[in-house]
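Per-chain numbering from 1; labels A, B, C and D assigned in written order.
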Amino acid sequence: MRTSAEYFSDLKKMKPNLYIGGKRLGRDDPRVKPGINVVSVTFDLAQNPEWDEVMTATSHLTGKKINRYTHPPQNPYDLMQKQKMIRLLAQRVGGCIQRCMGYDALIGLSIVTKEIDDKYGTDYYGRFLEYLKYYQERDLAATCAQTDVKGDRMKRPFEQPDPDAYVHVVERRDDGIVVRGAKHCITMAAYADELIVIPTRALREEDKDYAVAFAIPADWDRVYQITRPVWLRERKEVKSPFSSYGVSDSLIVFDNTFIPKERVFMCGEWEFGRRLALLFADSHRHSYTGCKPAVSDILCGATALAAEANNIEKVDHVRQKLSEFAGGGELAFAAGVASAIYGEKTSSGTFFPNAVYANVGRRLMGETIYHEFNILTEIAGGLAVTLPFEEEFSSKETKAYMDKYIMRNPKISPKDSHHIWRFVENMAASPMSAWYQIAGVHGGGSPIMETITLNAEYDYESKKNIAKYLAGINKELDQSKDLNEKPFSALPPERSQEK
Amino acid sequence: MRTSAEYFSDLKKMKPNLYIGGKRLGRDDPRVKPGINVVSVTFDLAQNPEWDEVMTATSHLTGKKINRYTHPPQNPYDLMQKQKMIRLLAQRVGGCIQRCMGYDALIGLSIVTKEIDDKYGTDYYGRFLEYLKYYQERDLAATCAQTDVKGDRMKRPFEQPDPDAYVHVVERRDDGIVVRGAKHCITMAAYADELIVIPTRALREEDKDYAVAFAIPADWDRVYQITRPVWLRERKEVKSPFSSYGVSDSLIVFDNTFIPKERVFMCGEWEFGRRLALLFADSHRHSYTGCKPAVSDILCGATALAAEANNIEKVDHVRQKLSEFAGGGELAFAAGVASAIYGEKTSSGTFFPNAVYANVGRRLMGETIYHEFNILTEIAGGLAVTLPFEEEFSSKETKAYMDKYIMRNPKISPKDSHHIWRFVENMAASPMSAWYQIAGVHGGGSPIMETITLNAEYDYESKKNIAKYLAGINKELDQSKDLNEKPFSALPPERSQEK
Amino acid sequence: MRTSAEYFSDLKKMKPNLYIGGKRLGRDDPRVKPGINVVSVTFDLAQNPEWDEVMTATSHLTGKKINRYTHPPQNPYDLMQKQKMIRLLAQRVGGCIQRCMGYDALIGLSIVTKEIDDKYGTDYYGRFLEYLKYYQERDLAATCAQTDVKGDRMKRPFEQPDPDAYVHVVERRDDGIVVRGAKHCITMAAYADELIVIPTRALREEDKDYAVAFAIPADWDRVYQITRPVWLRERKEVKSPFSSYGVSDSLIVFDNTFIPKERVFMCGEWEFGRRLALLFADSHRHSYTGCKPAVSDILCGATALAAEANNIEKVDHVRQKLSEFAGGGELAFAAGVASAIYGEKTSSGTFFPNAVYANVGRRLMGETIYHEFNILTEIAGGLAVTLPFEEEFSSKETKAYMDKYIMRNPKISPKDSHHIWRFVENMAASPMSAWYQIAGVHGGGSPIMETITLNAEYDYESKKNIAKYLAGINKELDQSKDLNEKPFSALPPERSQEK
Amino acid sequence: MRTSAEYFSDLKKMKPNLYIGGKRLGRDDPRVKPGINVVSVTFDLAQNPEWDEVMTATSHLTGKKINRYTHPPQNPYDLMQKQKMIRLLAQRVGGCIQRCMGYDALIGLSIVTKEIDDKYGTDYYGRFLEYLKYYQERDLAATCAQTDVKGDRMKRPFEQPDPDAYVHVVERRDDGIVVRGAKHCITMAAYADELIVIPTRALREEDKDYAVAFAIPADWDRVYQITRPVWLRERKEVKSPFSSYGVSDSLIVFDNTFIPKERVFMCGEWEFGRRLALLFADSHRHSYTGCKPAVSDILCGATALAAEANNIEKVDHVRQKLSEFAGGGELAFAAGVASAIYGEKTSSGTFFPNAVYANVGRRLMGETIYHEFNILTEIAGGLAVTLPFEEEFSSKETKAYMDKYIMRNPKISPKDSHHIWRFVENMAASPMSAWYQIAGVHGGGSPIMETITLNAEYDYESKKNIAKYLAGINKELDQSKDLNEKPFSALPPERSQEK
């Protein structure tokens, strides 16, 4: 498994293809460093024996110990460990751990390549397994480039005035394909080792050039990343882990980019466009049942700390509001657990989370993220956005005033008070606040997408049958057998005798 | 296992101690029959081999096959089977299956009697196991009488102007105890075989006479049930299962009632009052993660059926609203699954659901029940409450008009339309509607109680520690080990190799 | 102005054309009496000098003092008095006063008949004024029959498989017209003097036979009312005003019914179908800004009383919840005030409320009604639906128990406690509860209808222009002149010097 | 009336007492310029004859035409004009116009000084009128410094460990007083002409030194402003009005500051502390019924523009969400209208808005502000926070890609698209977003404060009386006379004949 130092070193070797503020840059620009700091925690904690089995897994291909971020889940236990790993890491970096997208893309590819091969006798699955071995051995960190720029939202890909509104194949060669188009809002692309590119939506036969999936290094030839970093105001003396973290999103342009054959995992099989898009999305929504509870944990902690600093922690309405974080985050976490327990084994062996539970869990968090910030704001008060700059706390003319007037709870020193309110500012009133709000709604699919998925997946007819029976229209009620056949064991076979 | 016919026959033998409409009555009064119809389904389905293992279990005491309603869960699988059993039954009777209260009281007693014995060397646990064997062999259906009338809500039991505001011991004899007081809002008491009486709240030393738990037949000497039945307008021709179901709640008066020693399971151990009250409540909240999803299923089905009858099933906002039932019910169900997976083995061997998950699941449903009725009303329209009486659909003068003007969707006959709207009326605008709304809020503890439980159980300090670490106050973050140690296996040991 | 005694006497003279429970009946059936009791309060209070100017007005046609329910508003003050009258009456009868529908239909006709005449040179307005004089002199109480049974909701009137799904003209004669079809969910029709029939929706030219409006006595030849009454369980000893009130809704069948020419106010002018439908709806939504605040007042009062009886009135979360009633009801009331102040004078002289404010006010209440019941339930507890029957409070065997165990607040006697909880039961768990919930959503148009109206009426372009200006796309911002031109005076000219 | 040029010139003459980023600065620092730009619009529009009578008024003291921001309302019409002025200006600057705080403080002082004099025979009112004339003549722009730093929130002023936690009198001299303490979160203080200082809460006799109100120039001796400015990233080519606006908040330190007698308006009259605090707060909440609707207008416009750019403006759920802005903003506006119409004339002649309506309106907006941002985010998508920097749209290497991939709606040019998304970024994902969210909750009092005010002001007893009447406990119902006595005329006497 790589160390974070090796990860940095690999990044530095990459060709400069990032564009920020009018310049072409490499991975050493300080504005992308905060994002790199986030991803490196996924390497650091995997080295920590305390989190063995959470952060690591045993490869079903090679039997070696690998970073869990490279391991397609094989049973419900793996899904639950994945969920816990994500919550663990997200708590530690103050939110999005960023490496899940690539992981979920791997999971999607592991399933769909097998299914395409089963139908068409192609050899995508073999290619994919080779790629996966390579990926596991090098402990790579990919992102998933799914979201096309999409052009006119009321038109399908083949109907677009500009055919490049969705990434598509423009040439097929013996040794590979050439693609054109752009993916946008791609988190972590600026410091990913690899980009895994998959379709963004259901496709029709006319869209078949848009049915394309592949994986390439993030600094590949004719790949350009127009990158938007988000970072926090640099701290001078009052340092904190959170202020060292940040994120970048890229518009990734493919301008007649050549993709070698062994890196192509779908090419023209349009009926599988929707399947792959949803495999990624539903797997990623399951990931959210790990990270969004952590976001609730952090907002809950920030709110409780602000309440303590304001000495109002015992007040009734404060207690009530704190309990809403518990409700939100843990319901989403529970949805992830049920999604694992009621998941299913696919033909590739990858164990896939139940879509209904993944979607209701993710949707809940997408619907409540702004409300959670609202609670923090309610309890913290206006200071979150009016806190004087750090310099005022140290400059000769104002330090005494700041130390005097920041005091609220006699048990908390001016210095710790400053730490608390600076952190509250970072959470509630910084560029990262907006990023968490907006990613909280849209990352992994906005609530409207989950509603659409739910409406496709949920068995409304069985509910109508219950009503028809109770109403006296149908004489019999044939109730869901699912209730009897599941759940799957929550532990892998080799551990299942333990408890 | 008893059949429902045997259950009826046992009820008929009971002494008449019900008071309804100014009369003393037995269990043969037609107004309590709808409730009896509900409970009898728990006997009928246990006879159906199709639902074996859901409806039945193997006694850990005798090794015999028993109705699951008499089986304290021994592992997470049992908890998940319990949850599924309740959802199955609740779908079939259109809501509350009523028999869970007694079951959850048994579960609570199984744990607390062992814990009291462990502390005080008493012999409650032995008594309880005897009682449990008796209960399993006869396949009894108890209710739990927990809620005291409570008098002044701002005073503790021992402070009440009327000491009988909470049930308490008034005399201790060698062969048993004498109790006085009343329990109210006790569902199913009117047609239960047994009453299991437990404390309703945390107690102090001064309250020790109020720390009392026991079980007696529901027609026991000096026990009076002032009963309020709820039933639906009788159908003449347009019959339906739902209209045959109902419920009764009793005010149960104990007026110097003698309880024999072998039926006393707590007497004076006031520190365990809170423990038993919460064991029952949390177990019952876990039960709600089975029944409330079924209530969502039924309301979802009724709404979808009304939408179909109105021919608006494909309309966007209707689809959106239907998906809210999926979200609500399945999140609560997921909470139950997580509650099982993250549960714990108690000293008695009973496996107990995780309190945080049980509470967030139950609270969600208590907060959304009125909203769910709102959705049904929105989609069904005003007809739910303005539907002419059944006779208008058959009387010579009006039948032709009713048949003509009830038509909306050409694919649905007037007769089926009438079935549908009569059912919608029963769901949305009948005495049962109010019962489901109010029980939906308060049954098993209202949202405010779950918030209080959550605030007691939830680890806010660990969240503050995350914030202190991210803010730079603490240098280390000691994250929850729970993440690593759990989950328990979701299958019992003997089945855990299967999948 | 009529007295309620005269109103009763007039009802008794009517032909029996109500169908309830399989029988043809007159207005003396006890099941319709509770609704008559409601309407009679509109006559009683008009006799009370204390409420002069609220309950009464001066006819702009005759200069005589008339019941305000017969007076089309002439200025903002009239609209505000109308709103206050409705709140006053609704507080007194515990909710819907029922007489507004006919009033709002009169208002709509007063405007549209003039507008049709202005366009086509017809003489509807003259006919209408004659009818209005007749109506004012006799102090009639009409209902408005707007809602057609509508058949397939996805089809327009002329597309329906059964042309009678909407009321329409089947024959045009010199002396009048013949109509067929049915209106349903028509509140108060069973004890109205007159029925005012208007179209239910926007119409196209093909629908022109459906563009018909008229007024006739409620027992007119070939008019059949299939009536569904809602009433409360009769009280034996514990009497209360609320329990004497109720409501009936009718399916009104027009089976080749002849309407004399002087009673026809629209016939074929299909472009005015939408206009009249909306005039009625928007006027009625303004009426809701009077009655729905009263419903909030009543639910607030019931909740506060239950809180007092439970002795929890000072508890923080109870206070918070009580304040939600204040918020809801008063915001809706405020919307009515703004709707008056920003209203407009129509060509007929009738002053019409602003549609945007009427719709946002009504929508708010439609969205929150179930939530308001939820609050009552939260505070009142389960007793609302488990309260033993009245007989148990007086029968020898149980009276002592009931008196003892109903006590919660030492300052409230058992008798008053019984009154309180019986009232809470009537509010939260009776046939009227469902009626208020469902009428609260749908009466006057459900939230989805108000959203549709808002989306038609609200000036989104002006909002986009603000954004385009701020974004730098447009150089100028042309802000709404409405801001400068309004409001109208809130007092009529003759009183405007007073304050 | 001053021009904005004169306002700038006056600011430049002020002594440098701002502390930002470790330096002492004057009003010419570029970081405070965006706030100055906002306030200057209040001078510019008053010069525009188009907005006469909205932006201006006639002084009741001098008969001269004055900026409305210096005119205490004399009748309901003035209150409605004030509300419209604020909405007008807030639309134009994209949100908070900042000058209202000082205006509302003037209004509060105009009332309380008279009331103190009436009770104690003091001469505050005379002083105040002198000050008001001075203020009107110079067309000053004050802010209100109300919020103390407050120290321990569970303690009253006199109980605080540090007595300076609230501003208080430390010395009384013949020619004035000396004060110490600090006010924080004071918007606009950095570029106000004057600071009006008032108490923040109810006081007891022991707190009498804290009962102090005065007005002084913002650069007064021994007054230090530790200022936190908020501004938007500077635009290079893609200019817009919105990006030139911003805001500053100050911690204002009074360190033994001398206040001359003629500028002191309360000193020791502790019973009036609560009164003045509430007069300011309720007047300011009424102001919010003007500005918060404008914030809804702007967010609505931004959302509608984003929807148009995404070509999804006609989609059902988008329409539904847009209508929520209409609902929210207009309900708050309506509350302001009702607050004016149901306001009251105080002894000073100032006409004061009704507190209940001002509070329900403000609370609604405080509760929904985060939700409104949520809607914008839902419709706009992730681009709001991932939009590449401005330079990428002009740099040679990336311009073509940006122009190509920003296109969504063929009717909108790349340049206008860039304008739109840059504006959406400014609204949803900039430092100003957080400021609007947090000020939206807390400015003028957070929802919890409005609930407290409502619970103090709202007549729950009258609601209970309605319930007692309907329940049969009270025989009579004495309904609110308010219904009959109000409203006041909505036009001033001299205009009331017009309409």
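Just so we're on the same page, contacts are C-beta pairs under 8 Å (C-beta built on N, C-alpha and C of every residue); 3 or more make two chains touch, one makes a residue touch a chain.
The shown structure was predicted, so the numbers you read here are calculated from the model rather than taken from an experiment.
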Chains touching both chain C and chain D, listed by label: A, B
Number of hops, chain A to chain C, where each hop joins two touching chains: 1
Which of B-D and B-C has more C-beta contact pairs: B-C
Cα-centroid distance, chain B relative to chain C, in whole angstrom: 39
Whole-Å separation of chain centres (CA-atom averages), chain B against chain D: 51
Touching two or more other chains - residues of chain D: 317, 320
Graph class of chain-chain contacts, one of line, ring, star, complete, other: complete
Residue ranges of chain D touching chain A (in the complex, touch as defined): 19-24, 147, 149-154, 161-162, 164, 182, 184-185, 224, 226-228, 230, 249, 251, 253, 310-312, 317, 369-371, 373-374, 377-378, 381-389, 391-392, 394-395, 397-398, 401-402, 404-405, 407-410, 428-431, 433-435, 437-439, 441-443, 446-448
Chain A residues touching chain C - in the complex, by the definition given at the top: 316-317, 320
Chain A residues within the chain B interface of the complex: 51, 53-54, 76-77, 80, 84, 87-88, 91-92, 94, 238-243, 297-298, 300-302, 304-305, 308, 319-320, 322-323, 325-327, 330-331, 333-335, 337-339, 341-342, 356-357, 360-361, 363-364, 416, 419-420, 422-423, 451, 454-455, 458, 460, 462-473, 477, 479, 483-484, 487-491, 493, 495-499
